[in-house]
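Each in structure tokens, the structures are laid out below.
Same chain, two partners: chain A is paired with chain B first, then with chain C.
The block that comes next holds the complex of A and B.
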């Protein structure tokens, strides 16, 4: 092993610890299977056995793992790949069964193809929300499996490593580094002296907001009959939990084939603020809870985020209101505003829910959404994409370039809300943004080329939107890959590429790509 | 009153000179030559020794001193002097500092480091420079009564509307008093018939508004009235403080600092200022950055010669006014004749501020108009004063004839003194006093 300067055993041993703990959330679909009795029990029991076995096995590589900066990148990247692999096992068992042990419950499932199963699992954990399910219904899949699909998003939302730091005492040292590698956005705001407390506070806020949404959604369902008007007839307890689990992580999976279109206007309005909250830096909630609302009001990213939501919503609402092709929406204020606000929030926060098939919209409204695919939520939120704060810094540094072109000797720090941004941070942000866009461009070419070879019917616009959507962890693309369709038409090789894009996108490029450099391993 | 001054440099000896005519002044300095020189120059008691040593302070009579002024060029020494003095006796301590950090700490309790009053040279300099910008044509501006009254000295421009007019004709500004006319360094009290000739200086006392409208009248009609584009040259502490104060007043100044790292530091501290990292004595750079378009150029560089150079370069490029902070007192008037519009001497400003504090028992504020010629005082009227309860017309008979009552403040309002105005106990009067009349004023007001 001469030359390798990374303690990969330590990294993998920690991945093992995380995998053993994955057994706990896997018990939830078991409970669902037992309650509804429509199968899937064995699939999850087997998965628990596999994850424990794998976890303990990897754990034996190093009894006392010591994590440095390099090991941190490997550990975080490997963890996300490992959980996605383990998470795909229930999908495979559902389609194939285990020969000689248990028969397949739904052999017709599209997730029988390993590439599809991995795609669905990675799309879940990375909170992308792009699906390759052929048929989204309880006839085609067990309720347990559909709930697992939702749960993977919830686990991935606030971050598996953040959760690990919160509960594993051995990660208290080096935990900040790990969270830094996983957390969305540049830098990590540590708001308590101990990193484990910060991680616990983040998860606490996350659990609290999720519980609040589930209670509100199910409350609406229960309130309907009491008031004599069906407020949310389809928002059963199952659906309330399922959507609660995928709103706060900006996931976008839904057990309903027509996504949020299946629900009443009231439900759609309730989900909007939760999506918006999910796209906010969770550190701001912490300041709010600890009685410091000024911190929130003065946050440059938050102001930019709210401003962007407002402007984009107004634009889209205007387009919808005046689009004669949209029956029921055109000329009606509430639906225009609702669909605009919902879709804009869904795209900016990278959730990926839809209340309507926006493929039917006019071109201007669609292009606003396409542009939003590249924005992303706030740093420290559960959203994906480039992030508002990075765009703010990039735009301000570009404006500075204009100024220094005229005044070559001017010294202008980049400021956000009066706070000076360190020059090295500005460079990092510029490099990230460029890297992200290059990655998008290269991947788009590959997807388009691959699509043309296999299926001539795919338009460039569709392929490009799907690439941006997976890299940004949004979910739906346009056209054949719209919110009411799936990513099934892509060839397997493209799906595997997209698994990579989702993985790289969720971990924000560098932690994964640095593993591909020679200097990471040897110098 | 017994005043103990530690440090016989420019600040210390200047204070000593101002105070020695009416107080017992003891000056302590480590430098034997300074001490010896002082013995012949001023009527003070010089003591040679280190002012931070208790033996030396005791020898200088700290036990009987009412005020101890620490005015050496070293901040820590000055603080130690005050601390030592406060340990040995109970005098009122005044310290001069350079670092604003000490001033910020002191302001929290007004008692930190055993200092009763602290003055920061660079801050005072910055404040007086900024006041000069607010009154583009003034050569000196001093605030009284918490800023409700201002004393300002203007040079009458030969092309201005009031040049050649008599005081009576020019006196159409409400709540403004003409206190003195200075010609060739000699102050005279104007009468209604005095003619305001171009090139002479007039001293007015009044509300800030009235001073402002007078400022417009005294300026040449062609000059642009408002100052907008300001360039600060030199990013030391003085330059930083000037830029900070300008930002507070809503200006967006430009600041030129040659050191890249310092420039970056300044840019971070000054969000509304455009900081440039370049050598300001580079004429091409000044031309490229259109420094000639500036209304005011303020030079705060370490070296007086560079300040002069930058000022002259920018003036030649077309800059409106050049103000410079000049360390060497001998250069001040010389540079002003060569082309700098106003040269501010930080040590003189500091000495003036300390003198203000030490001066007459009841005087709260002093501005030295022409060194050795006259000064402007603010006095609170008590029941023993000759002014109390009488119309000014009657009271002036008991005062030396050269004294001018410039303004009266009563309960936050400014009253313009006229012959029939009755001064009440508790009023603050701002008076113009020629040097010879100081003793009489101290006694009668």
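The block that comes next holds the complex of A and C.
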């Protein structure tokens, strides 16, 4: 391969080691299968074998992989793709079995279609949470498989924490160098043990918050009967773990067909702060823990995030409270506030849970949610989308342009919370935001053009929301692709396109798209 | 007013002289009123008196106004606002009369509502073409008034030619300095006689093409009987003039309630090339006329424009041809192609005429039109929107970012057709595009939030399209605000917001928005 300047062997060797590590979390669904005894054991044993084989195979490409920034793009992109491919294997085995080895446990599963299996797996590892399951129920799937689906999100979220805090800043992607200033510890110079240390600390936080949520949810379940009032009747241990695994990664998969609507108001209120925490830059928790709360209070993105949550919640709550069409919500303060706060937090953080089928809402309330699909969580969180800090820089740069339009000779930097933002970061952020929006526009045209294949047609609103929701790793769209529905009606070609959107969106667009340029490979 | 650094007296004095000039074109509807004798004479005489009074009054603020770039923003913004206000007077008089002077000729006119009158007038002078007329018919309005409505667009288009070619490049608005390279003649140094000369040349072109279109349209009408076959039965002299006045400014007002659907296929085909010509950078005609066709062929924006027209027409024609729901169009080549070419040209150039109620089209075809609302015509044309050259620079700058992401130390300029684009222009264009999109998003939330006041509610698609269409100066939206409908159902508050959007959008956003910043007035 003359002319190729990328050490792709080293990149793929590192992808191989990630794949071998994947064998460890694959043991969890095996434990679930053993405990509940409703099948799925062999599917995961086989997947472990495949991932180890593939992992060691790729590892042999380079015994001592040492990669630079350029190889980093390939490694990051290929990792998510490889993991999603391997993660789809249990879904396929559940539907088809392995001839001569094991019978299909649920041959009726929609994930028997390879495009669906890959969609569900990519949706998991990218923490998107859009589903193509035909039936979300233990009658249609083994408990092990349903737990694996949740676990893929938790693993994806872990990957995103490392990516955002340790890797992307090194790659200067779309202004991600901003993150560096926020990263805990005295600067991250290169891929040194310090990165591993930071990642470990943030993983600890991630694990701790997950455990706390599981404990709270299951605690409510246990406490109910003790108090003589059912606080969380449906929040079994299985459900507590399942939702614990999908909140912190802003994932949104739920083993309940009606998402969080299935649970009590108390449970819904408990989940809100965990979603909000998941959408915060994890580095800020570090400052909080190390006793620097001012740092948090003065963080521009954090202030924007809290402000956005407050304003959007107030707006939506107002729309719901005054909407005569919403029985049980209109005119009732707590439900209006709860559903508004939950859905807004779910959309801003890109979690994608729902406590209600918001398709029944009036146009204004729905439109606020649609607009939030284009905002996204904080940088350095597990949230997807464009991210709040980028929008802040965009707004500041527009304001700067107002100023320089009036004062053409003035030189004025863009500042965020008093800090001067480097011009290359401003440029990167503008390019990122525009690139994201153009990508959305092109993809939505393709989704719509393919829409003739959807039974009963597809409205512009449905197509646009599904496209933005997959690119932004949010999950649910509107209409036929709402929070209580699935992406099943889309033709396979659209599903494959959306697999690409989830992948591209999750990795901050540039690491995947640069792989498509000639200059990446050869110059 | 201590601290004000803007010579607002000089700016407003110049607005005054524009107002006095407005008395001349106001004589045209007087001639129409005299010829047809169906009323409206007094309304225009009174308006002439008002505009002269106001014009001379403002002129007295400064006897020898000499303005710089900063005053230019105020002058440009205030001119369009003042002209729209004065232009609304005939509409109000038609509905209300003047007590003791003249009776109302059409008291039932919807333009009796001041918000509606201002909307219609601003829609005219900004060449938007969105209407709030309840009934488009000579039973409901005088012929003079209907001609004034068309003429406002023609005048607005003339203003835009000067603005784009002579004024905006001086103000360095959103990368408008790019235009300078395209402007005819050996460079435009400052507000010199050369500008007046250029403007006169381009006005000549504008007048010439308008006259040619009127002659062709009316010629077809006369030729029909001569050939014994009705070529353009409804294209009376009145109609030929009316449509001639609204094509070159990419205006889109029609005295026919069903827009261009009212006319024969031949007429529809004749109008297409005039719309396309109106969306071309006028400076390119200069190169064509002065015998430099290569310059035109190599112009990046022109190539993008032609490519976009071709691709979008082919796409839409394909959708129409294969849509079983479209009787008379599906499976028929000429109608599919004609309606596709017409609607695409109408949307790309931001004219807003329609040969068919495209609401009946399938989602994919409609969606292409919706996407075109965000593209816009060429810079230096009378088209509105973001403009093709800006999108080209945006795409190139994203590509540059791909390159510098992989090669962080490389310095690479953005090039368009081989020419290096100045970094400040790139920055201005990125900021402009993002500002435009943010403005659209904020405005659409307001329009939707106000939508509860619209009878029968309003869909997201309707609200979004109406917002984008007014901001982009296109005209029609979708659904209830489609090409055969009006913006009448919107509440007054939304109409006033849209008056603002048309105004801001037409003047390339920055000249109006900078007036809202403190640093414009005081620093």
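The rule is simple: the second predicted complex is superposed on the first by the 486 of 523 C-alpha atoms of A that agree within 3 Å, B and C clash if a C-alpha of one lies under 4 Å from a C-alpha of the other, contacts with A are read in each partner's own complex, and residues count from 1 in each chain.
Everything that follows uses one rule, which is that a contact is a pair of C-beta atoms (placed from the backbone, for glycine too) under 8 Å apart; a residue touches a chain by one contact, two chains touch by 3 or more.
These numbers were taken from a predicted model, which means no experiment stands behind them.
Enquirer: On chain A, which partner touches more residues: chain B or chain C?
Expert: C
Enquirer: Between chain B and chain C, whom does A:108 touch in the aligned arrangement: first, second, both, or neither?
Expert: After superposing on A, A:108 lies clear of both chain B and chain C.
Enquirer: Now for A:374: first (chain B), second (chain C), both, or neither, which partner does it touch?
Expert: A:374 sits against chain C, while chain B stays out of touch.
Enquirer: Which holds for A:66: it touches chain B only (first), chain C only (second), both, or neither?
Expert: In the superposed model, A:66 contacts neither chain B nor chain C.
Enquirer: Touching A:334 in the superposition: chain B (first), chain C (second), both, neither?
Expert: Once the two structures are laid over each other on A, A:334 reaches no partner at all.
Enquirer: If you stack the two complexes on chain A, which partner ends up touching A:413: first (chain B), second (chain C), both, or neither?
Expert: Touch status of A:413: first partner only.
Enquirer: Pick out the shared contact residues on chain A: the ones touching chain B in one complex and chain C in the other.
Expert: Looking at chain A, the two contact sets intersect at 407.
Enquirer: Give every residue of chain C touching chain A within the complex, in rising order.
Expert: 69-70, 73, 171-174, 315, 319, 362-364, 366-368, 370-371, 374, 394-395, 397-408, 424, 427-428, 430-435, 437-438, 441, 444-445, 448-449, 451-452, 457-461, 463, 510, 513-514, 517, 519-520, 523
Enquirer: Going by the contact rule set out above, which residues of chain B touch chain A in the complex?
Expert: Contacts found on chain B: 260, 263-264, 266-268, 271, 274-278, 285, 289.
Enquirer: Enumerate the contact residues on chain A facing chain B in the complex.
Expert: 407, 409-413, 415, 418, 420
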